[in-house]
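Here it is: the structure, laid out below.
The letters A, B, C and D name the chains in turn, as written, and every chain counts its residues from 1.
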Amino acid sequence: MKIGILTSGGDCPGLNAVIRGAVLNGVITHDTEFVGFRNGWRGVVERDIVPITRHDVRGLAKTGGTILGSSRTNPFEGEGGGPENIQRMLDAEGIDAIVAIGGEGTLTAARRLHDEGGINVVGVPKTIDNDLAATDYSFGFDTAVQIATEAIDRLRTTADSHGRCMVLEVMGRHVGWIALHSGMAGGAHAILIPEQPQSIEQICEWVESVRSRGRAPLVVVAEGFTLPDMDEAHSHKGLDAFNRPRLGGIADVLAPMIEARTGIESRATVLGHIQRGGEPTAYDRVLATRLGMAVVDAVYERAWGSMVTLRGTDIQTVAIADAVHSLNRVPQSRYDEAKILFG
Amino acid sequence: MKIGILTSGGDCPGLNAVIRGAVLNGVITHDTEFVGFRNGWRGVVERDIVPITRHDVRGLAKTGGTILGSSRTNPFEGEGGGPENIQRMLDAEGIDAIVAIGGEGTLTAARRLHDEGGINVVGVPKTIDNDLAATDYSFGFDTAVQIATEAIDRLRTTADSHGRCMVLEVMGRHVGWIALHSGMAGGAHAILIPEQPQSIEQICEWVESVRSRGRAPLVVVAEGFTLPDMDEAHSHKGLDAFNRPRLGGIADVLAPMIEARTGIESRATVLGHIQRGGEPTAYDRVLATRLGMAVVDAVYERAWGSMVTLRGTDIQTVAIADAVHSLNRVPQSRYDEAKILFG
Amino acid sequence: MKIGILTSGGDCPGLNAVIRGAVLNGVITHDTEFVGFRNGWRGVVERDIVPITRHDVRGLAKTGGTILGSSRTNPFEGEGGGPENIQRMLDAEGIDAIVAIGGEGTLTAARRLHDEGGINVVGVPKTIDNDLAATDYSFGFDTAVQIATEAIDRLRTTADSHGRCMVLEVMGRHVGWIALHSGMAGGAHAILIPEQPQSIEQICEWVESVRSRGRAPLVVVAEGFTLPDMDEAHSHKGLDAFNRPRLGGIADVLAPMIEARTGIESRATVLGHIQRGGEPTAYDRVLATRLGMAVVDAVYERAWGSMVTLRGTDIQTVAIADAVHSLNRVPQSRYDEAKILFG
Amino acid sequence: MKIGILTSGGDCPGLNAVIRGAVLNGVITHDTEFVGFRNGWRGVVERDIVPITRHDVRGLAKTGGTILGSSRTNPFEGEGGGPENIQRMLDAEGIDAIVAIGGEGTLTAARRLHDEGGINVVGVPKTIDNDLAATDYSFGFDTAVQIATEAIDRLRTTADSHGRCMVLEVMGRHVGWIALHSGMAGGAHAILIPEQPQSIEQICEWVESVRSRGRAPLVVVAEGFTLPDMDEAHSHKGLDAFNRPRLGGIADVLAPMIEARTGIESRATVLGHIQRGGEPTAYDRVLATRLGMAVVDAVYERAWGSMVTLRGTDIQTVAIADAVHSLNRVPQSRYDEAKILFG
């Protein structure tokens, strides 16, 4: 068999480990031939294809990023897009199946290509925010949590030295798992997540309660958190209170508000892209490797339109259709659990 | 309520985080009073007790070791040992329940104290080797895997520079999870675990096959691995081939054997105690914190004779009696999965 | 003797190690008694004093921040300020000498207190930017460089995956040492420092030349870097091009400019306060410890108005007056050296 | 010009960064052509030569090991060895100069090739132990110290948890710099170096004094340390007290002796090869890069028989003949300084 791999969407620690797991399993177990589509679906629609040999994936599990590059191209758009064109290209190239590693958009597109065009495709879900309910954990999440936790550890000593309130913004557009886990690991005094809008009054209450115990408050906020009275025009995703495009993130909104209301000197730090790159944790190297190996097994089982996930300690295969739209929100019970430590 | 905590047995990353989780949950949710028994069960039988306040656990989640110390004392031995003496001591101290954090021996003793003496005790299982089947993962395991993986990463470049075979010995007395996970994460060329005795011939075959591909072989071996034809007197736990007490570990046995049989210069590294100490990973800080919080809930639910475990992403409570003796061996399927990458 | 220690100004990795080095040397060698002035000079003028024992500095070398807290208070201001008040306080407290750990402002104040008031004071220079010419390296600098380098390593993989230009802003208000060293260590494609204004055209030239080689450009910029045609109102320290107060830093200015001019998607990351906190590198733990030990020797040598510095591998003592105003600018030769690798 | 590079002797963090610095400086500044001799001098005498392009050194500064491999081959031995053969080979290959990166043996051989055969050769000293007096610091040393310090940090918590004495063996065959710096950074309670033989009585005195203060003793010992009454046959380099070849290192000798004499449970850890491999610190990445760049400048200055070194913050060139035999012993003053903290 000849399998084509693509990595689509945002960078995520472990992408290369997935590629390596897939290639090694295929080559060693099935004598599979592998190619890569460069830069996500763009490589599919533009027929930008490179061979991937066993040698190419040497030592790759510890390397961040993706050797195939990535993009946000949609496989239904563009001249070479759509199931017919893609199938034609696959036939011409002798490619039997596509392994698509990407987020909800990529997996949905993969499912459509299969359902509408009969294209042989399986997926590996990629969501550094861990927002897919069909899997206990997504690869890259543990690394992002580790990076955020180390940032909290560093900010804590600076906060304590100056009696400041430090507000750290971490990833988490729709769900607050990274904030929850790093906040718990790092002993944050307030964890703000999209699932749980908090008023600025409540936030300042938490901050002042910490201050009254002689500690410097540490607030962790997910990028997708909003204040409940923050209307669309003034959300951090749009315009600020002066109707100008926001340069910063929610942390840049909160820090001055906290300082203004409590009198406690407050500083914002936005972790940003650092969370996406570099060497994955051992946990993610193992998980990503296992997922990569499993998706090739799924190809040989002809489990088209499915994707590989983690349940407990087992790697499983589920239909993309059944699974991809369930958002893995932080449940109330998990937030209550974390809140005990700071609320 | 007044709860007494003890940590028993070998050091494990996350012990302090468990203590912190327990104390914060108790103090904040229930206004619990906490004391610690110093140095494991020894503090129970010798009535060596210290208060633990909320202040004492500040910032503790990231600190390795245990503020309570540890020992291998058995609570059924010694002058103050046995259920009657212990209950008498608890009554005198006004302690309502014991939280015992320890390995199989500690949990078994805890169960016996409850079954035979009606002592109010709940447990948190501690096994850095991850050898308890009742829980998906044990706290401290992820950290040990991370440390071992970093060691593999460092040994790899040295191996490649010199064309040597490097043999790294990691923890894993009865089960090979640390070797399996770090070997997978680090791209080892052979993973040797207690569950799967391999002949020296097979090991050398793997090593030479790597060498023939122009790579320097990296072998990861769990401390409890044995060669099948190695009799007791000559196991690495006893005497060596010259009938002298072994100074080294299994890696010190294998490296010279590999070198003698393949001609490839081979070096042994024993990671040892480094795996047990220091800062836990974010993963372990979260898991340990959650387990500590949950065990206090178990006390208030009067779930005596039970222990807290992880299933999927949930913390659960199970009866020690049902759970503690099931050894979490690496199943054949997981070894086969890993073996694909090197076998 | 009784020595009072204070830490003033911004947080810096190694402050606690300096305190520990001083206290251990004093206590062990001279049976010195130590007190700490809390929160910098504020503790001096407000007589906020705490004892520091040998026990208090246990394990402190690896801890970021300062157990004494810090502030930007000036000892010549406020009710208790000025040489007379301070000397009176020292006499009342039986304190024989002050050890002041701080930046140029603190050292200058220390010198004035000695020159104008005869106060017994010695200094340990603190400048994470490494901007003091009297010392080869300042403690905390190596840690800041290490943190910045790790950030570059993480950004690089994300940049490569997306073909983006990543602009990382690091500390360096007046001098560009952190940017120079981390840029060199991390293989940046452009290093922008205050000593070397570059036009946006030159920056874009470097960026496009990298892009033409198929690489994703990585730009490291010191916070104090300015574009030569950027007037004060529009410098990143004041207002932006729309006359509004800037939320971001120089990286937030450059990234959109680079994107607009080159068409290469560009993202800014501001490392910020993360560089100041947390565990110091081994290098800084050693350097800070040695400086702390040496400043106590300087007290016993009655070298008032002096400060301890590093020259080669030796710790030396120099008069603050001679040394404190020489700014350690990155010399042309060092920038040319670095520029070879990217220019 | 065409320059041939070789890396000889033991692995050392930063070797690849030296190669990268040299290649980039040469290619960019002088349009130099580079080749590499594989596996040290073996590649010279066996004419095993590979091209090294700018592309080959991409991202290499952060990678441990050496892309050229290494060996302990002596260029004066073997069929292709000796100045005449080597010069003939260089002429045939059109190679104008050799850059030799290696330890004392390599540099001495380089000098001899120049002195006796007029071969154009310059050197970059490589000594992870930092045992060359002609340079303030050698590349790789900082990384070894960082690794050793992290090991001490991990052992400390385990020691404290169990009240044990932990003995950590680090590199340092003839000089004790790694033990000195890591011991100082890690707060060791005894630092044992080759320059300062200590009796077992003195060591036990230090250990017991720590124990009496309620702490768990941490001993750091350099591999080359010997007990003064340990004769050659019984040094850890030869045979043990039973006249059998030693399996372990000096730590394996000391731990049981300490335990036997003090009754304190003692455990040995030998860091070994982990110290040599993997990613270098930012400090070493900068130093190694600068040395690599400078050695190419030395080639163009025709400074044959010289080597590049670090003095303060400057890279300098010195004659190998003048410099290579001066052993950089830890001076009494530096040991006394460290001893204050534990003695």
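By our rule, a contact is a pair of C-beta atoms (placed from the backbone, for glycine too) under 8 Å apart; a residue touches a chain by one contact, two chains touch by 3 or more.
For each chain, UniProt lists the protein as follows: A, B, C, D = ATP-dependent 6-phosphofructokinase.
Keep in mind that this is a model prediction, so the values were computed, not measured.
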Count of contact steps on the shortest path from chain B to chain C: 2
Longest centre-to-centre distance from chain B, chain (CA-based): C
Whole-Å gap between the CA centroids of chain B and chain D: 34
CA centroid of chain C to CA centroid of chain D, Å: 30
Centre-of-Cα separation between chain D and chain A, whole angstrom: 41
Numbers and ranges of chain C residues touching at least 2 other chains: 150, 153, 156
Touching chain combinations (by label order): A-B, A-C, B-D, C-D
Contacting residues of chain D [partner chain B, same complex]: 7, 11, 15, 39, 63-66, 69-71, 147, 150-151, 153-163, 166, 242, 244, 246-248, 252, 267, 269-270, 272-279
Residues of chain B that touch chain A when the two form their complex: 21, 24-25, 28-29, 58-59, 61-62, 136-137, 142, 145-146, 148-150, 153, 156, 181-182, 184-187, 215, 281-283, 285-286, 289-290, 293, 311-313, 337, 340-341
